[in-house]
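The following block contains the structure, expressed as structure tokens.
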């Protein structure tokens, strides 16, 4: 269990803003939308936004479509000495920090992402199950020649987006009983696939990030679109890869 | 037909509150959400909340997405001497009590639940039909190694939640012409599966409960997610149980 | 083309009411909901409500989710001498009356219905296509032993609802190039199936009615639920009829 | 990349109106609805409206469900001398013009359309994939004897709509790495199929237009309805063409 901080001064000013673009307002708005898409059903999934040194996090176990700014955790990246013992600038009373925290942190520290989204989308889960039962490499989802692929950036610190003929590759890592134990394999997948903006978790869901909140959301939506398309293609006997050029 | 009570004083104060968390406000809000999820189509399904000795119940036959606090029935658990002849503290004029009442009561009295949700979700119905046609034990739905399973409590009076590798088991009971006649077999299923938070009803739907309103809702959403996933897995030839460990 | 009436006095008082239950307010509200369910896509489908001698009708060709009370036609049942030449108490300027009018009128005059709903639901269309390709009687949809069947009334002028074990039978009529030409076969189907509250139209959709607006809506929702369930059952190889008793 | 214009006077009056039917208000409202239908996921797709000589365009890469009138581009058709170098009457600061612009323009100049809609609907994409794998003409989608076909106009400068027995034909063009490079083949398809109101783009989506905004929207909805129906028909082994007459 991650450490919580119960200061007398709970730094509520960090999550109080009339700006609709403030992370403490954006995260609840995003999560409400994600609930409507079936991504954060039954308190699963979540989202986190980084603003310079501050990281804003949805808590564990709340109903995501009804989250409020007051539910948001805040921590400073530069102050996280021991990843096993997090200190929070702000902790909502009577909530628990999300087990996804170290995974969100990986996107922020290793990829300089500004926003990371975690969904339990059924399309993501079904896709990892189809791969698990495939006679080929089951650790990677590949699709090409679909227009929506152009919604993805070319990769970390690269300019521009993928092209229509490019193959989008999303690595798959194996699930673990405790979500935080995914961190090591998620970071490995990031190293093995330096250009990916997402990692699928077998029988669990997907982590997607982006250089901005808008890009993270657009990539998360586009990925889910491709996951659903891929599952439907499988039902119709259509291959995910083609050699159009 | 269950008895109704038409007192001169209809105890309207029991359902009048400006607190959005009051059961008489929560039930209509939940039912509206459930209608959007396809769980309470065509006046089917319902929900009930217990607060100490008081039980708040959605009525029979109303359009669930347009329910109002005034439509809510209220009864006292401790005053129910004869389960065949219920007395209500408050009965909405010109409505009928739900046939689900004894089933909700079973969750409250035998499991000390605070909230019980009944859906006619098509995924639940399809799942019971798939089980009915299966060459193995058709009275139990089993699935394991899916992250969403972690949304379920370990069981009545147990601490903590199921793990990723645990097998979620939901018993199935046979439907009866009169909904209240399900009570006996629902209670039997509760005894046979002392840790379950839900019972599927063949060709009908599901009953789900929880130790709090939030937990009942999260478990209902997670179950429906797993039911839908299981049906899609079947379409894709993927097994519900695997021996990953 | 049906006749329109352009009186100097257009009887706008007939569609102006602050009562949310007034037919001129209810029809737009219902149609908005139906658009969300995919029943009235692309201006297809519609709804009509009868209040004593007055019939309120959605017009032809408008976007159903954005209809307004001002768009509603009104006619008097008792004044319709010639079904080929309707006279309207109120006609919205620059709109056309719905070709569904004679079909709605059939439900009102032959079954004393208070509300009739016409959808182009894909589930209804798919079901008629499955029946068309079936090796048995293709003019009737039959399903039994599903709880949602209990949402249907037993039949015209009969008390009570169908039971769980009863078989719901919905006749199918063949489509015609002009919607009003369906009238005769719809009325025949009403005679052949005196207890039905709905008629499927091959490759087109469904007409559903009810003794009240609430019952028409609940029956329309329940039918669409059963149509979708039946299509999914077919995909999964599950039969629509079973001999449980 | 299309040229942008950054005038001192950005002509904001062109997109400021309290009239809900003004194109600068209509486009965001339409796009919000389309996002809900899954047509413009992840910033894909878009819409454009022509009002006499002025064309209003959704920008590139914005989240379509959150667009504002301030995001809208405006250009004059009569002033577009060089299609490779567009000049805009109004360009939103810090946005980019849509690559769809020349395709929208084709609908406006070659068909005198008033509105053109571009979706990435998965049903459109799946349909083009099914056609790609078909043993017959893969460049045309054909369906007949479905009521919803009546929602389509007979063709450019023709009166009336298609009939129930008519065959709706939608040409398919091959996708290109740069969306603007679709222009030539889109225009060819318009010439080859002079009556079509839509062109499918393989592995990409669809362009649909109409003589009015309402008709464009109704035809876009009806097409998507037919695309989904056709995919589901394929899953159920039902043919798209039949010889009912």
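Order of writing sets the labels: A, B, C and D. Residues in every chain begin at 1.
One rule holds in what follows: contacts are C-beta pairs under 8 Å (C-beta built on N, C-alpha and C of every residue); 3 or more make two chains touch, one makes a residue touch a chain.
All values derive from a computational prediction rather than experimental measurement.
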| remark: To bring the C-alpha trace of chain B onto its twin chain C, one rotates it, in degrees rounded to the nearest 5, by 90
| said: Suppose chain centres are the mean of their C-alpha atoms. Which chain sits farthest from chain A? | reply: C
| note | Separation of the C-alpha centres, chain C versus chain D, in whole Å, is 32
| query | Hey, how far is the Cα centre of chain B from the one of chain D, in Å? | reply | 45
| Considering chain B alone, which of its residues make contact with at least two other chains? | 235
| remark: So the touching chain pairs work out to A-B, A-D, B-C, C-D
| note | Residue positions on chain A within touch of chain D in the complex are 145-148, 151, 163-165, 214, 217-222, 224-225, 228-229, 232-233, 235-238, 244
| Can you list the chain B residues touching chain C in their complex? | 38, 41-44, 61, 63, 120, 122, 125-126, 129-130, 133, 175-177, 201, 203-205, 231, 234-235
